[in-house]
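One structure, pasted below without further comment.
Going in written order, the chains are labelled A, B, C, D, E and F, and every chain counts its residues from 1.
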């Protein structure tokens, strides 16, 4: 199996996208942070008022998605047309699931932007809650769906 | 439970660390990326030669750890004295575990730097392998241990 | 009144520009820094020679305009085709007015780039002169004109 | 009057702070954004619910303060111990005043960090409201007070 | 001779590229680092195993090329379609030559991106070897060839 | 010969500086750009008036030095106390030599900061003059002297 990110001498390269045609693309990624009951309830209570923790996480996710090509060495710089986030609370498991959606028109996809947004957003929740619970775990960071580009539509089967 | 990252009007703030005394600190975080057998074997084979995928991930983790305060809105800028990484291959589960260790002398800890390094490193593996497998999952991002500071030594059980 | 930067759950979002058509756009913003007679004269004298303070401000404004999407959380990344600056001295009021002009072809406007350039340029003057006068005030940061896009031409009346 | 930011050949320089002793320092800056009644009321109504506009501005101000040395060419990189913000609503003038407070222990002051935080925060409000009112004006960006360092305590009169 | 980067008042400007037509462009730059026999042999020996020094340099060159418009004040932000590197060992002179190739479709060229990539890559080799030899010299940083744009094809003679 | 930037498994690492004592340090680096007579004269003439090209280069060098740890993967983040530059014109060879001096108090040296400043400054001259001469060559980037730290004083012999 040939690795696209290595050239013919096995040197890292930023893949050649110059022959691809720009198409409209979308990607959605998600991830989860699981915490103690006490930490979870603190966020839920705070959210009932102003929701600063989760909003800070969303803002960090949006800013993080824009910084992807600075963070992931072989990623192309991309001009995103849209970034939005959603957060689902799962009371039973004391966890939050963060979703990041991106849209763009380009010759390479934006899966990495969606995944990076999710990662930075979840780390931001961790940062703001770590004084209460340092055993939190971030998990299930994954691509939910993508659209556009040569490989076309993809949707994760749970 | 009072959130340290919100001020008395519930506004986000960068926590006041000015009264804390600088101490020597360490933090280790880890995380995992799980993939298809085919993707796993491709990395293993490539590693047997030059190991560019895993080395690129380590470099990205080190650079990512240095960028933490730009990514996580309420994080203090920190001067890290040392960053190193390790990668463990787990053949049974077709996964790689990435560890990031940081050392510094400061009045706030560097858990976030270790966790951010791990996250960026794992996203880099995802990026370089996604042409082979887009169902990969990043999980188990967590603090393994920390040392120094008011709360002292912490080591994760299991 | 619906806020475009909040989604249907009132969460911050980067506005969807994917359905807009790219057009040629321009924006000009301006701002002012007012200072003591002594500080003003120092810059004027220095400008008669090399003009380093005002030139440093112009360079900072240009670099600042390019960094807008990193600074303003919901701003799209934009590829600017042109950035230029102008400075007007107003002797009576001991103030300098900095203008930043940007041009681009995109599906969103660049008002924020022009305004950010102006702000960073004025802060740079403040920085270089603050040892002489720390009472300086930055004011009148505003959009002077814009062109292109759905809302078309706009020019500020005084 | 000698400009500290120019060397003996009138070349820009980052001032030599190596002989100064680190002391505890504080700085507070403020600035104002004035808008139409409609725009003002939109923010006030939104704030009654979640307050995303003003919170996004605060987060941007905090992140902007941390980026000061990247934006202002001759600024030293500084390690801030604390950043917090406050916002005052002035209904009569349809304006918001943003305050940024910073603390640090260093051999140079952090006035620029406080002023940059204010500027970026106000630009963020402008960005989120510009679809409603593009005549908004940012003004009165100024140092309110500082403490520590050779020049000691300073508080703005009026 | 008129300088394109200065406007009609001799103020620095980012050149107006808005009237240029986007074309496919390429640029290749190269540079050299010369060192002691001992330092050279250390890299060669290490390369025989894993090659971390040269690979880290290549990754830094690719990341550096992407950061060009942040580093060179009057450079346009560009979306690169492809970046690759090559390294030639010259045993006689104890030197390494680093090549950086970029491709893009834009209305301005990417010579600066190729040259910046080379510079950052060579500085990275310097950094990793400086404990062995601090007399190393970086030289011969130059444009090898370019293609596309108004001035068309250029290839360096010797 | 053991490479300090590789750990015991030959993985890249940021060298452990935690056991070193902070000392006052200085470093000076220099580099040269050589060009056609026409390009050289253009800069000299322009310098007689305002000197924007060389001043822009100095500002870029100072900003570049501050960004070193973002560019060179294994470099520690450092707080520089002072950065200054000098430029020498060599008419016979149609070249400019750029010097960058840095001072700091830290447990690692700042050679890389001085060398990176020089490189970015020279690239900035290249960028502003490339419309006149694209055969320019950047060379002789090297450490001139350093002071402080375990290895003590070093001065280059020619």
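The criterion applied here is as follows: a contact is a pair of C-beta atoms (placed from the backbone, for glycine too) under 8 Å apart; a residue touches a chain by one contact, two chains touch by 3 or more.
Owing to the predicted nature of the structure, the values given are computational and were not obtained by experimental measurement.
Chemist: For subunit D and subunit E, which third chains touch each of them?
Modeler: Where subunit D and subunit E share a partner, that partner set is A, B, C, F.
Chemist: Among the other chains, which touch subunit A and subunit B together?
Modeler: Of all the chains present, those in contact with both subunit A and subunit B are D, E.
Chemist: Can you check whether subunit C and subunit E touch via the same residue numbers (shared by over half) or via different ones?
Modeler: Different; most numbers are used by only one of subunit C and subunit E.
Chemist: I'd like the Å distance between the centres of subunit A and subunit C, where a centre is the mean of that chain's Cα atoms.
Modeler: Whole-Å distance between the two chain centres: 31.
Chemist: Mind checking the centre-to-centre distance between subunit B and subunit C? Centres are C-alpha means, answer in whole Å.
Modeler: Taking the average C-alpha coordinate of subunit B and of subunit C, the gap between them is 37 Å.
Chemist: Which parts of subunit D, given as residue numbers and ranges, touch two or more other chains?
Modeler: In subunit D, the residues touching two or more other chains are 11-12, 50, 52, 55-56, 59, 63, 67, 70, 73-74, 79.
Chemist: Return all touching chain pairs.
Modeler: A-B, A-C, A-D, A-E, B-D, B-E, B-F, C-D, C-E, C-F, D-F, E-F
Chemist: Using the touch definition from the top, list the residues of subunit F that touch subunit B in their complex.
Modeler: Going by the criterion above, the answer is residues 7, 9, 11-18, 69-70, 73-74, 76-79, 107.
Chemist: So in the complex, the part of subunit D that touches subunit B is made up of which residues?
Modeler: Spelled out, the residues of subunit D in touch with subunit B are 24, 55, 58-59, 62-63, 66-67, 79-87, 103-105.
Chemist: Flag every residue of subunit C that touches subunit F in the complex, lowest number first.
Modeler: Touch residues, subunit C against subunit F: 50-52, 55-56, 59, 63.
Chemist: Within their complex, state which residues of subunit F touch subunit E.
Modeler: Of all residues in subunit F, those touching subunit E are 1, 3-6, 10-12, 31, 38, 41-42, 46, 49-50, 52-53, 56, 59-60, 63-64, 67, 70-75, 111-112, 115-116, 119-120, 122-124, 126-132, 134-143, 146, 154, 156.
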